[in-house]
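The two complexes that follow have subunit A in common; it is paired with subunit B in the first and with subunit C in the second.
Then we have the complex of A and B:
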């Protein structure tokens, strides 16, 4: 970096490095790829409201960073949002919109609407042109009824009766496409969501651990954290292990006595307290 | 605050060392409708008169007592529009505090930040001080609290206080009736009686507003039906 670098122009894409990138690519450098988001998140509309579901694995490349993270975020008492993508982005954007919704509730004196949350989210994501890597499944019940939306990192949205996002979305969508029907009961909805998330957990490397479910109906929201735990950890035996002598074969023995380096003299004063 | 032509403050010292604009602001408060607050052992109550300029005004559209956070409420005496601006700012500050520290704002912090806003307007270019005094009632980990904030930006913690037209009578009445170990329901009755003292005309559930904080720490503005129950108990 030279000292005499101009400040970058505010706004708009800077094309300064494109020539360098093209040169590097021609010389054989492999450009960093886009990491597919490791998550399965789903939502569906049933007869009384919406059910949201998510797995609980957070990944850092091939490493599981958090075995039991929370992907279903609070937006309003009647609106919850599942987040896939960069964990920091989903957390920050849902916290921000949740705060804005609270202020809006105070100003209007009314319950928040799902479309309000949706519009706040999509405007923010569009403004950042996809650099805020948050793919969301937003669901809730307000005075106009139950709603379910998907929000993509670039700011586009869909309104659907059932939706899946994340790297496990294909596995989950296959379950939805074969079993979803209109007018599901609460139990059927929860079961279907759990099945879809389990499909993602078992068939997608980026998803795993437990199933979180959130059921939103008019006037009541139930957050079923760890509704299913299909991957219990088998810990070391609490009794401990016993290794009797002779179980390990001794090939050779060499004993080296340490030289006496310290002289102990009797008497003398005791150390000061 | 203010563009370059008004970068000088309109609130300037008088030779006697007073800020005359703030004195005038306090006068504006003193001619506003009476409001009061009482801190009980297990909660806080704030109340105000709600005298409307005409019987044609839809009283359900007037809300003098407002919530700032789920556990903090506020009432005012003075200019309504100035109050609205402060409420909006305070709510935003409470949210910003939560976003920054992931902790719900303590009552003292919110009082301090609101007072700081009011002080700003006594030392900035082209603006005038707020013509309201606020009574902020909150319940957090430090227990029930009641604060008064003046147009100058100074704030005080009170066990019981009153502001507005009938302030001296109301305060005397409160001094006589206040006890340290008062229960919230007693405090509500005392609040109603204090309002009744200075009220010109007949007090009813439609021309007073009461906000309470019980031990559940949820700020609630009482509905006219609930006020009616308390009024009947007082009679």
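Then we have the complex of A and C:
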């Protein structure tokens, strides 16, 4: 465990812990479950740039873990990335590539290109052979124009005019396939993306809550967080709940004064010793 | 062993190793627990249907796949039943043919009563639900998802009916139904755009929209569709035709333009 650790990791999946994990599993250890985002994420190219959209529900099996999470991640001021799959994986991989892009911007002095983010993501995911469960929709506008790509957990990518990923991808894709055309305006693009996400929200159990939209054009990015809230929580009264005294019947009252359990040492430094 | 048999079969359905592909239900080899399992061999893909002003419209493609091979390209998966209904099926085609035989016997014996009454779509749906559920309970299912639509005069005038039964006996009635991949790709469109009392042209346009999405995104669909409608006048099954597909997006022309070396 000494001396031989001087060499830096050469890349590739590190299999060091595999034997230990197998042994633990054989002895009955249950591996912790993954929090999947069970998602609908979409992107499309319109005449001036790219529109990305995502729902905001994060699920842990059958339970909604986060009602309003953010699935559109920042990569660069002109590049954003939607993530589906295991929440930790999408967060970590987009954070990592975002930092790498920042360092690259400092080194080159230029605006980041979408293909740079794409190559960094796909080479990282391929190295981990699909174990990093991140399915991404990457979109942005750079000096070569608007670009939209999908990245799969095993590291393959597609370049498309419109794309959907996640469990609600079929519902969203049905909306895109029937309504997408080239040269959409900004309003049409946002409307179509919202329609696709809403199709995912209402027809897929893994997606729900609200619609996030991100519009990227040359020189300007607009992140419309909670652009639509199609699942409002409706209270019986507009002021919410109010519990007046006497609404709940008091059966018995017992008051137990707390005993002082902490000994306060007067003077001197308590942290000494 | 599995890989060897796959290469010989060449595109046939992936039957798990150790089972004898005798087709249809298999009796147990020797005593012990009788386990009759089935694997679908020749399968049809989605069927979609919706109610419109004059009755019910149903559509599907005319392909039947043998595993991952597109074996038959001119298969009629929608048939008329009696005077008042049409039935469409996805799943194992031979089981559909068997179901049509059962329905033939049913309509024939009903006709022999000669009492002026004929079986309506509700009755046929109920009969098929019983058949499917009972077969499932015997672990010998008919591997289909059936869509039954029809119009029949009821106490409140002409009543349109559209229902679905699947291989485990789940059955329900709705204004628009879809089987197979149609559940994921067509139902979102139908839920958003269906409304009461559509005209025939509107209904056909909506159905074609769904069929086009299925053609693009379902690998076992083909570009040859049949539409059928049923109204008080009777059933009409139109001849097969194709839809126009669009592949002219600029991004499709040179996808690696922005990312050299990617695909």
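Here, the second predicted complex is superposed on the first by the 197 of 273 C-alpha atoms of A that agree within 3 Å, B and C clash if a C-alpha of one lies under 4 Å from a C-alpha of the other, contacts with A are read in each partner's own complex, and residues count from 1 in each chain.
The rule is simple: contacts are C-beta pairs under 8 Å (C-beta built on N, C-alpha and C of every residue); 3 or more make two chains touch, one makes a residue touch a chain.
What you are looking at is a predicted structure, and each value in this text was computed from that prediction instead of being measured.
Trainee: Label the relationship between subunit B and subunit C on subunit A in the superposed model as either fit or clash.
Mentor: Once subunit A is superposed (C-alpha atoms), there is room for both subunit B and subunit C without a clash.
Trainee: If we overlay the two complexes on their shared chain A, which of subunit B and subunit C does A:95 touch? Say first, second, both or neither.
Mentor: A:95 contacts subunit B only, not subunit C.
Trainee: Name the contact category of A:114: first (subunit B only), second (subunit C only), both, or neither.
Mentor: second
Trainee: Let me test your reading of the model: by the given contact rule, A:73 touches which partner, first (subunit B), second (subunit C), both or neither?
Mentor: neither
Trainee: So, A:178: does it touch subunit B (first), subunit C (second), both, or neither?
Mentor: After superposition on chain A, A:178 lies in contact with subunit C alone.
Trainee: A:161 contacts which: subunit B (first), subunit C (second), both, neither?
Mentor: Once the two structures are laid over each other on A, A:161 reaches subunit C alone.
Trainee: So, A:103: does it touch subunit B (first), subunit C (second), both, or neither?
Mentor: In the superposition, A:103 touches subunit B alone.
Trainee: Of subunit B and subunit C, which one touches more of subunit A's residues?
Mentor: Tallying touched residues of subunit A, the top partner is C.
Trainee: For the overlay built on chain A, what is the smallest gap between any CA atom of subunit B and any CA atom of subunit C, in Å?
Mentor: 26
Trainee: Enumerate the residues of subunit A that count as touching subunit B in its complex and touching subunit C in the other.
Mentor: On subunit A, the subunit B and subunit C contacts do not overlap at all.
Trainee: Enumerate the contact residues on subunit B facing subunit A in the complex.
Mentor: 63, 66-68, 88, 91-92, 95, 98-99
Trainee: Using the touch definition from the top, list the residues of subunit A that touch subunit C in their complex.
Mentor: Touching subunit C from subunit A are residues 45, 114-115, 118-119, 122, 144-145, 147-149, 156-161, 170-171, 173-175, 177-178, 182, 195, 199, 202-203.
Trainee: What part of subunit C is in contact with subunit A in the complex they form?
Mentor: 181, 184-189, 191-192, 209-210, 212-213, 216-217, 249-252, 255-260, 262-263
Trainee: What residues on subunit A touch subunit B, complex-wise?
Mentor: So the residues of subunit A touching subunit B come out as 95-96, 99, 102-103, 106-107, 109.
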